[in-house]
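Quick heads-up: structures coming right below.
Next come two complexes, and both contain chain A; in the first it sits with chain B, in the second with chain C.
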Partner chain A sequence: MRIVVDLNRCQGYAQCVYLAHEVFKLNGTESLTYDPNPDDARRLQVERAAAACPVRAIMIDRLDGAERGAAS
Partner chain B sequence: MPEETPWQQALRYANRADPYPFYAELRKTPVARQPDGTYVVSTYREIVALLHDPRVSSDVRRLPARAPAPAEPGAEPITEAVIELEPNIITCDPPEHDRDRRMMTRHFYGPTDAPHQISDLEPDIRRIVAGLLDGMRGKTRIDVVDEFAYPLPVKLICKILGVPLEDEPRFHTWIETALDALDLGPEAASEEMRSRVAGARGSVKELEQFMAGLLRQYAEQPGPGMISAMVHNGGPGGRMSEGVLASNAVLLLFAGHETTVNLIAHSVLTLLRHPEALEKLRRRPDLIVPAVEELLRFESSVQFWHTRSAVEDIEIAGTTIPAGAPIFLVYGSGNRDPERFTDPDRLDLERPDNEHLGFSQGIHFCFGAPLARLEVQVAVGEFVRRVENPRLVVDPPPYRHNQIFRGPRHVLVDIDGIRD
Partner chain C sequence: MTLAATLAELVRDFKANGRIVIVGASLAGLRGAEALREEGFTGSLTIIGDEPYEPYDRPPLSKQVLKGWVPADHTLLPRARELDAEWRLGVAATGLDRAARQVRLADGEQVPYHRLLIATGTRARQWPNPAEAALDGVISLRTRDDAARLQQALAARPSRVLVIGGGFIGSEVASVCRDLDIPVTLTERGPAPLVGALGGVIGEIAAQMQRDHGVDLRCGVSVSALEGDAAGHVRRARLSDGTTVEADVVLAALGSIRNVEWLQGSGLAAGPWGVGCDAGGRAFDINGVVTDSVYVAGDVARMPHVLYEYQFLAMEHWDNAVFGAEVAAHNMVNLEPHYRPHLLLPGFWSGQFGVNIKSVGVPPFGDEIVFTQGSVKDRSFAAAYGRRGRIVAAVTFDHGKWLEYYAHLIEQSAPFPPPPPGWDRPDVMRPVPAEFPAPGVPTAIPDVVLTGHDPNERRAEFRPRGH
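For the complex of A and B:
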């Protein structure tokens, strides 16, 4: 699966980190790094993380609309 | 008697089940000065602006002396009762806030490079929820609050903190007595509320002493859970003073379950009021993740927050909030603001762009949000999957008195059975 985080929107709430720490990491207290192509086995975790983002900065499979349809 | 403002009406107990029409009226004046000098902010944009404004303080110690007009007579005693405790992370500002919250975050979620202590609890959560639902077998009527919404969060928070579950009956009574005594509306001056406030002082004191005792016990003999860890390992910022530690431990214990109880109870209530949404969730269980976000928006467990004040004059939405004035941010109203949410009174489990205020925003964003989400996703998801033909018995259900931590006292539901 593919994810994109809008780092201009990200405010460092770290909610995604608590839900999917293998995919999202916080460096220090503010800057977020993430795996843009996490394994599909982590989909539920990543979807939970995206829904938990207070500023809705995490986008899943937006780059390729067909991928989401194929996966679900 | 002068006519009551929409805010005062929203706070009346008779309107607890449905404050939303009064919020709609309130939003016509986004920043509304009340007769007691409090500024009530009810629109999404203004709430968010103030949540990120460094000219707004959350420090409860700034409140009484700086209030420009005397608070309503009945509101005074409980404000005093609250500040007998040292400030906790909700009621203080940076830099103390940042230092204390950072330390608590590490003990709650785990070290920064592997913060998975809370997500690791999912199997425990599933086991507790399964046990609660199994226990309903053979029943035709259940109380969703007492039999389902309450036991899960309280068991979990006790385990996380290291508070003995045997003490639950005691601290439950103290917390309930304290919550029932807080009234910031026109009914605060009533005989009934005054006697509740008198009773609540003792309860707050007992809760504080109970926690102080537990801290001392863990200081002598380390044990499992977050409280013992906080006593022994303050981290780079040093340890918290005993008073601050006790105050934050009380906050974690109380906020760590009360708000979740209300969210689970409101979620079931709301779904039973919207059969098409319930059916959709039954057919598509994966919708539970966005569904919980919508339920957080629709019936927020914290309706507003009351310890903020202006550090200097703040101009906003055509009004100047004078330095020192108390500011109430009404999350429950911002979440129903049509300027931000399309068709806000409609429940839409797939609502796009749902940047709700159910956990607030800014530096005081709900500390326990990841735990609450996990608990409610599992609890409500399993309730929907396993409970056969649930029907509301009383609608609206009776509500608890508290205006901030708003939730039903009971939600009676008739059921046909429990699926495996």
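For the complex of A and C:
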């Protein structure tokens, strides 16, 4: 799956880290780092993390691979 | 039909039957395409990109990817919606014929358009000596292929990495090297890293941070030559102060060049600072007249900004690409009085040495700085930039939660020094010169550039009267 975090908006509250720590990590005290294309098996975790983000900074792909249309 | 009804019909017809071409298939191109569909545009949509990949995100390339955590081909951007677009990937646009309304491609094809969005971004400035730049191990960082090469080079545990240029990308790479326990030397022609973007006062803090993390930081020097071994691999750099640095990976982090060459002869206001456009994303022609059919967004755009004396701003930032593309897309399928302005307060983040550096506004527009919160010693603080008694920008180190407070003040043109938020106040709150290098002084190029008032920095031709 594909995600992107708007790190301008992100406030480093780390809710996402608690809910999906293989995907979101804190570097130091407030610098968020993450895996932009995590394994599909983590979808539920990541969706929970996105829903829990207080500033809605996490965007999840709304399409599955077939619909994307671009040659990859 | 009334005029209003005619115009509404025109918009409706264009949304259904128009032909839109986007050149540049990265962040701005993708978000622009999605926004067009979101606006109800159901006509034909073509996206042309010279990279063979579908749109991916660049900020992770100098961070997660180099660390070896995320593979370079794993930063593909999520999609906001279905696009139903024709993708032409792996082929460059080589020309624009505005009279015929056609984009020329490298394979000779001509792609017709009614409206065009230019989103060709920037590329990395290469090491200027071509023979030295061709040495194995000399790398620049802009694309995912660059990142894959640099990541492999770091994974091979080089004896030392030399980073040339102390801007954000150079500093982030130096930070990753230290995380990986790889010796790294960083050279910066200016007095400190980040000085072009954040000024000398903050630059000095960044310098100390780098040294504390074991970076061999050399400021006020430049690299005069790179030398390779018999096999053509880089081994050594000669510096302007007469010293040498032994390194087997060299990152040339020399700033960026805007991808405008393909617009030569198009009659647009395109030059080294980008493509001039109004605050709605409509491109200017070389005479400074706004066009109706060509739009610009992202790193390649420069547009006037109300908060900065209407000077043209070039903003090489992620949020500018996203928001600029949305605004341009909206205006591409609407007519006056429904145009929207791109009134973004520029924002930026950078993760380095475990510290979250963020800024809002345009720091180089300011000439004074005042620390308003936190502690410099702990590298956890906020500072505001001012010019002529008003606040124009702010920077935070591990104080990102406060940025919105400052953003609001900047938007209100609040006085400088600003009222402190009444919490976490430092002992001394006295404005000092922000120490930005004078224009023309060689240093890492800032990512936000004020480029004056002229929409067209190329000369237009003036005809004598009576012709």
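Here is the rule we go by: the second predicted complex is superposed on the first by the 61 of 72 C-alpha atoms of A that agree within 3 Å, B and C clash if a C-alpha of one lies under 4 Å from a C-alpha of the other, contacts with A are read in each partner's own complex, and residues count from 1 in each chain.
We take it that a contact is a pair of C-beta atoms (placed from the backbone, for glycine too) under 8 Å apart; a residue touches a chain by one contact, two chains touch by 3 or more.
All values reported here derive from a predicted model rather than from experimental measurement.
Asker: Decide which partner touches more residues of chain A, taking chain B and chain C as the two options.
Answerer: C
Asker: Kindly classify A:Ala51 by the partners it touches after superposition: chain B alone (first), chain C alone (second), both, or neither?
Answerer: So A:Ala51 only meets chain B here.
Asker: Which partner chains sit in contact with A:Asp6 here, chain B, chain C, both or neither? Use first/second/both/neither.
Answerer: In the superposition, A:Asp6 contacts chain C only.
Asker: Once chain A of both complexes is superposed, is A:Ser31 in touch with chain B (first), chain C (second), both, or neither?
Answerer: second
Asker: Should A:Tyr18 be classified as contacting the first partner (chain B), the second (chain C), both, or neither?
Answerer: Only chain B is touched by A:Tyr18; chain C is not.
Asker: Go through the superposed model and pick first if A:Asp61 touches only chain B, second if only chain C, both, or neither.
Answerer: Touch partner of A:Asp61: chain C, not chain B.
Asker: Would you please give the residues of chain A that touch chain B in one complex and also touch chain C in the other complex?
Answerer: Of chain A, residues 29 contact chain B in one complex and chain C in the other.
Asker: State the interface residues of chain C toward chain A in the complex, per the touch definition above.
Answerer: Result: residues 25, 47, 52-55, 57, 59-60, 63-64, 69-70, 74-85, 87, 89, 318-319, 322, 347-349, 351, 353-356, 358, 380, 398, 400-401 of chain C touch chain A.
Asker: Please give the residue numbers of chain A that touch chain B in the complex, ascending.
Answerer: Within the complex, chain A touches chain B at residues 13-15, 17-19, 21, 25-26, 29, 44, 47-48, 51-52, 54-56.
Asker: Can you list the residues on chain B that touch chain A in the complex?
Answerer: Within the complex, chain B contacts chain A at residues 102, 109, 112-116, 118-119, 286, 289-290, 292-293, 353-355, 359, 361, 365, 369-370, 373, 377.
Asker: If we count contacts the way the header does, which residues on chain A are in touch with chain C in the complex?
Answerer: Where chain A meets chain C, its residues are 1-4, 6-8, 10-12, 27-37, 59-63, 67-72.
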